[in-house]
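Here it is: the structure, laid out below.
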Amino acid sequence: MSRPTDVILKNVELLSMDSIKEYKYIPQKGEGPMPSIPQLKEVVELVKAILFPGFFNESGRTGGTRQYHLGVHLERLFLLLEKQISRGLNFFADQINGEVALDASELAAAFIDRLPEIKRLLCTDVKAVFDGDPAAKSYAEVIFCYPAILSMVHYRIAHELLKLGIPVIPRIITELAHSKTGIDIHPGARIGEYFSIDHGTGVVIGETCEIGNHVRLYQGVTLGARSFTLDERGLPLNVPRHPILEDYVIVYSNSTILGRVTIGRETIIGGNVWLTNSVPPNSRILQQKALTMAFTDGLGI
Amino acid sequence: MSRPTDVILKNVELLSMDSIKEYKYIPQKGEGPMPSIPQLKEVVELVKAILFPGFFNESGRTGGTRQYHLGVHLERLFLLLEKQISRGLNFFADQINGEVALDASELAAAFIDRLPEIKRLLCTDVKAVFDGDPAAKSYAEVIFCYPAILSMVHYRIAHELLKLGIPVIPRIITELAHSKTGIDIHPGARIGEYFSIDHGTGVVIGETCEIGNHVRLYQGVTLGARSFTLDERGLPLNVPRHPILEDYVIVYSNSTILGRVTIGRETIIGGNVWLTNSVPPNSRILQQKALTMAFTDGLGI
Amino acid sequence: MSRPTDVILKNVELLSMDSIKEYKYIPQKGEGPMPSIPQLKEVVELVKAILFPGFFNESGRTGGTRQYHLGVHLERLFLLLEKQISRGLNFFADQINGEVALDASELAAAFIDRLPEIKRLLCTDVKAVFDGDPAAKSYAEVIFCYPAILSMVHYRIAHELLKLGIPVIPRIITELAHSKTGIDIHPGARIGEYFSIDHGTGVVIGETCEIGNHVRLYQGVTLGARSFTLDERGLPLNVPRHPILEDYVIVYSNSTILGRVTIGRETIIGGNVWLTNSVPPNSRILQQKALTMAFTDGLGI
Amino acid sequence: MSRPTDVILKNVELLSMDSIKEYKYIPQKGEGPMPSIPQLKEVVELVKAILFPGFFNESGRTGGTRQYHLGVHLERLFLLLEKQISRGLNFFADQINGEVALDASELAAAFIDRLPEIKRLLCTDVKAVFDGDPAAKSYAEVIFCYPAILSMVHYRIAHELLKLGIPVIPRIITELAHSKTGIDIHPGARIGEYFSIDHGTGVVIGETCEIGNHVRLYQGVTLGARSFTLDERGLPLNVPRHPILEDYVIVYSNSTILGRVTIGRETIIGGNVWLTNSVPPNSRILQQKALTMAFTDGLGI
Amino acid sequence: MSRPTDVILKNVELLSMDSIKEYKYIPQKGEGPMPSIPQLKEVVELVKAILFPGFFNESGRTGGTRQYHLGVHLERLFLLLEKQISRGLNFFADQINGEVALDASELAAAFIDRLPEIKRLLCTDVKAVFDGDPAAKSYAEVIFCYPAILSMVHYRIAHELLKLGIPVIPRIITELAHSKTGIDIHPGARIGEYFSIDHGTGVVIGETCEIGNHVRLYQGVTLGARSFTLDERGLPLNVPRHPILEDYVIVYSNSTILGRVTIGRETIIGGNVWLTNSVPPNSRILQQKALTMAFTDGLGI
Amino acid sequence: MSRPTDVILKNVELLSMDSIKEYKYIPQKGEGPMPSIPQLKEVVELVKAILFPGFFNESGRTGGTRQYHLGVHLERLFLLLEKQISRGLNFFADQINGEVALDASELAAAFIDRLPEIKRLLCTDVKAVFDGDPAAKSYAEVIFCYPAILSMVHYRIAHELLKLGIPVIPRIITELAHSKTGIDIHPGARIGEYFSIDHGTGVVIGETCEIGNHVRLYQGVTLGARSFTLDERGLPLNVPRHPILEDYVIVYSNSTILGRVTIGRETIIGGNVWLTNSVPPNSRILQQKALTMAFTDGLGI
């Protein structure tokens, strides 16, 4: 037998060896399939087509047939979600809190019932992004091109799914936006109306953040945890540990705010700031002024 | 009728309700289709195949048939662009400045006429990236793998389309690169020859930036606006508001330069700096030295 | 002849003109095709399906047929790699160091032989990510959703391919992860066991970094080079120039560590720090405290 | 230059040479594109989904949302047809008879107006096929599996398009069925209600055939032309030249009926008959009895 | 509203109108989806890959990994069949005879258990086709290219599924072969070993045919029913009504044999014969000799 | 372990068992892959696009760029053919006659050299089909829609490849046309200029046929072999055994002509004739007149 075939046969063996200690971290996958990432992508695409008709699908020449498209999209959305939620409930059964049984069909219908409110909130985000960017030419451009809106669509979908108690799927949906935009919003965060992010790459919003209305963040802003409370096994506890940003707060690029601190309303945080304490309303926080050094050599700093 | 069907029927109704105040931010889309993002992706792929023959398509065994490939690619590019520009002009008709009528076919041809100059500029960028990175093994590797070159291809295409007065499409094209590389260059920025970015994730270059020749940026650098001039309605005005970087400037990672400031030639800005004022040529700017704290407890900082 | 056709014919001519000085930077591509990026994506997908059975492919209902799937995946992986390595060796023949001839088939088999160890290392990374994130619900979720694991899969594959002396392909594989996660790890970096990254966007780990065990990085952290040693032609030399992080080091978000410095074990670096010198074990390094300014005007800072 | 490249360059030349006499039969194609066969396939698929809801698309769980699917399908059908008809009118402009201008949008709408009648006719065909085949288990099976119904769907669509004066597209649509079923019905033929074909491969029904109600054909039956009336240039004239079959006629497999003959009502034609004359109602026509020969040798006949 | 939109809205209405008498022939489709034709195509492709390894899939370089491919293919086949059989049982529940409940999983496993015998029979068919065709160059060519083998693969799969009591799916599978080859074998027909068909287009083999071993048919041969026995409602009864062909019978092209007649062993039927009676063993049956007519006019016959 | 898994494991075993006698007919496939049918389909599509520019690809708006398309298509054709011929030569190495070594690259180039003559011949076929069909509206329609032209494109390609000594691939190419059109022309047949087939389903033209110029066949015509000359092992010898049709012969539908007979020039054969002897020039051959029977009963014949 050829060397490659030998190598294949040998490694089939080795890779199944549960005697290797570290392999045991990997769960023994059970019967059912995992939630399908391509189908969850389609879920988001459908929601976008439903909420912003004419922007993300080619629905024809006039509004006269719009209700047909809405109906078909909603039915397709229902069927896809029902199946994916069912997979999620099956696979991550051990992660579900609460005593009541969850029914995939009921949950999918409940999500659809929240779409009008999701649409209302996203409309406020569109307005906030447009109002805050002199380079924006129209609401249409903001809806169609701006990564901030893309990430908010994913987040607002995921947040509703999380509130319904559905495991894993919310996280997958926000990670899809994270991958495309570099904006990483945990589905558990609570975010008010008229929220905007500019550019966005590198933004991190942690699981227990609470963000008011009319808040604006720039690229690279972290709203993170400062330290963990450990449980008796030495594992970090999932308690409120991320910042609270009150209404009308602005945080400029690359600043880091860590811990369960409160940033008072109408405060402005400058860029590249490291902040681990609360600040009162109407504050202005800036990095220490940079040093200007004497000229020394060609490239070195 | 089953509950899911009920829910679908009800929400078809609700989601069309213009009586909901916020829904009115969303423009009533008209007759024509939006520009197609997949086709704009193909536009960029074609330009890459045209400018760097043999790198991004499998054009056969020898150079003997290269002109056939160039011809077919250019024709395809023309047809795609003509259609997409026409969609852009139609949909965003209200955004077009100027009195002269714009003709999609003329504009597509005009863009093709600028390809040789785009190629010349990109060649200087390839050289700059190669010269600045000890890890780079060859020009070929830089063209084939480096996100900096990918983002510059998108930017230089988009910038030419913007100069031709084409709406929306330039922004879509730079957002495609933003999504892939984390580098967000506004198509309106002006960037000279031999421009290089290292790593790149998180770089933001604003709409009215002016960047000289031989400038080099690292990841996370923001060239942004500090504050907005508001018009009589309270909306920000689109005036020059981003930095000017003269020739041979280097900015290290995660620094933020805001406002219509001028960074003099051959200046080096260190990393994590927050800078909102101009600096003279040949400057060296560094963050204040970090504090070293006494050791306290396990994880907390 | 129509104007568009004229423009096409003219630019076919111009774009082939080697008389334009800058065009000469672009290598004259030779006979063979470039490595195929879609096939290298499939390589990574196969490795994921092999290392984490049931997570990234739908392998059926029970574990009873797992060895068939492993066998088919390994064979497919072998064939794909053999072909792509062969393309890489052909195209970048000038970049290969060493006197011994490299054989694509041997190299592909050698890589497969390293998969069990790659799996072992990744299992430690999964544990480290899970232990460090209170929001993580299970190992399965970490494997399935976390960009840190995605980037480590790519890096650990690429690092082994690089150690085998294969040109270009390692870099393509880490760039694929860079594009998806914003995490840019050079395949040449050396990284120990139980490595974790949180959120990750904007992380840069340079070519000559050496990272111990149980190290943890947050988003936006740069482990970069400070300045280059130039050779006699003025080009930067590829010498050790990136930091060494000893065991149990933690670096918070957006900090930048440059140059061949050593960060002693169990040190914690706070966020947004600019650091260009070595620090002893057990240090705590923080940014200077931010300034609180008096309230001045509406938006300006 | 390599031999293959030489051969390519030479034959590019030769294949464009209009000096070769026979090449001139091939029309010089004009500006616009040909009708798209993949899109015409989609047209037929849409009509099938519209006429037989639930059979040829996955329209969801209940009939409660059926009108949405119908609406979306009809709109898509309209848009596809409008575009393809426009291509057909453009390319084959010289083939259109009559003085009135044809408008693609009007024609597409007119076709949609005929769908209810097409559906009514096809329902009679389904019944006829089911009643005539002891092997058929249900109407559903006949709709879903029987090539006779497939060919009748294509024919009845094509016949209506032809009656609207649309060139070429009707023929493409019947050829698609011909390729799939071996049943070749010219779109110009006139066919009554309750028409059935069994098995069907090899059936040919010519352009000027007139077929009554309740007619049944078996595989291999030809209803063809016997000879042509030539015009002054020696080309065959397009006059009535195919058979008339009155109500309740049955023709068994592989029989050939040629010329403008009339087969009277309730006549049965046996298999493998060659018939070039009219027959009165209620006739029975059989091939001459076959000869039984003495046994001679191994295989030879 | 535009005319096309009007037309669409009106016809949505009309096409749902059950008041139209003929529409009622079309069954009201229930909840579940129909069997999927693309998935049944994949079923056949899998069986081909399983029975003839290396011919219909690219299974790698040596036989050393063959069992992995077999295992993966069989598992995939099982899962596909299980799902499709379940759909078939659901939708055509009314067509299932017998009192015992049918279980899709059991049936799929039972089918897989018959694959070795299906393979054995197909091997005899390959030999028979090869032995009977001087143009055949090798067994491999016969397996790879000959429509007779394609149609026998479909038939022998479908026949086993039918014997298991599975509704509709067998018919779909033979119709797939009918469409590709023009050979229409009812899955209910019984066919012995070493069966061959040459060319094949137009061959029809009816539901109750019984065909011995070493039988050979040419293109256009019909083994059909002569007349139907009607039941009390006037519908044809499904009783034995097609021919019996004993061992070593040969039927030449375009001949038609109708009714429950017996063609004795080693009989040869010439081409274009119409035969509705039994013939004893070793017979030779030929069409009456054709007439040679005097030359009359240009084209007419 | 579950029953399905058991069944899979068992049959993996059984299906590999070479101890089953019949399995041994199936060749043990060697190292290399089979010729790829999808790629051979692309070969034919390319030839169509090359020979009839503008009909089968969307080559743009004017003829001004036609040579670019020809060049790209020819290069692509060369590369595809080179690879497929190489696979054919490898797999069917035992079938190649002759002493001279065959080189895939040389053969692909030689085929391209014959394209101008193939185009010339096909132009004569287009003219013949158009002249013979009163329903044909234009040459363009004949090229675009008529199955006769489709089958002749395949045949004329396959015939040239066969003359170059390439195994298997010619047969695959004619079978592709057979499947689509029901016309089965052996690539070895020799066919003159101005050849036409009407409707075509069921036509069979055997390997050693010789057909003159201006010959016309109708659907269901067989030009076959009557009996085989057996060699010493009892296998049929591949000697001239099919008919010769001289110039201007016409054969009507479903007639069968068998054996090495000669049909003299300008002869017309009527439909459904069984003919196994030669006929002199200018003959008219008809089936015996059918019988008209007395009316007897309802359906029976």
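Note that the chains are named A, B, C, D, E and F in the order they appear, and that numbering of residues resets to 1 at the start of each chain.
One rule holds in what follows: contacts are C-beta pairs under 8 Å (C-beta built on N, C-alpha and C of every residue); 3 or more make two chains touch, one makes a residue touch a chain.
Computed from a predicted structure; not experimentally measured.
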item: Those chains which touch chain F and also touch chain E; value: C, D
item: Chains in simultaneous contact with chain A and chain F; value: B, C, D, E
item: Higher-contact pair (C-beta pairs counted), B-C versus A-D; value: B-C
item: Fitting chain A to chain B on CA atoms, where both chains share a sequence, rotation angle to nearest 5 degrees; value: 120
item: Interchain centroid distance [CA atoms averaged], chain C/chain F, Å; value: 53
item: Mean-CA-position distance for chain C and chain A (Å); value: 23
item: Multi-partner residues of chain C (each touching 2 or more other chains); value: 4, 8-9, 12, 61-62, 65, 67-68, 70-71, 75, 182, 201-202, 220, 228, 252, 254, 270, 272-273, 286-288, 299, 301
item: Chain contact graph, described as a line, ring, star, complete graph or other shape; value: other
item: All touching chain pairs, where touch follows the definition stated at the start; value: A-B, A-C, A-D, A-E, B-C, B-D, B-F, C-E, C-F, D-E, D-F, E-F
item: Footprint of chain E on chain D - complex, ascending; value: 50-55, 58, 61-63, 66-67, 70-71, 74-75, 78, 82, 105-106, 108-109, 112-113, 115-116, 119-121, 123-124, 126-127, 131-135, 137-141, 143-147, 180-182, 199, 201-202, 218-220, 226-228, 252-254, 270-273, 276, 286-296, 299, 301
item: Residues of chain C defined as touching chain F within the complex; value: 1-2, 4-5, 8-9, 12, 61-62, 64-65, 68
item: Contact footprint of chain C on chain E as seen in their complex; value: 60-61, 65, 67-72, 75-76, 79
item: Of chain F, residues touching chain E in the complex; value: 3-4, 7-12, 14-17, 20, 22-29, 31, 33-34, 91-92, 94-95, 167-168, 171-172, 175, 178-179, 182, 184, 186, 188, 201-202, 204, 206-207, 220, 222, 224-225, 228, 235-239, 241, 250, 252, 254-256, 258, 268, 270, 272-275, 279, 282-288, 299-301
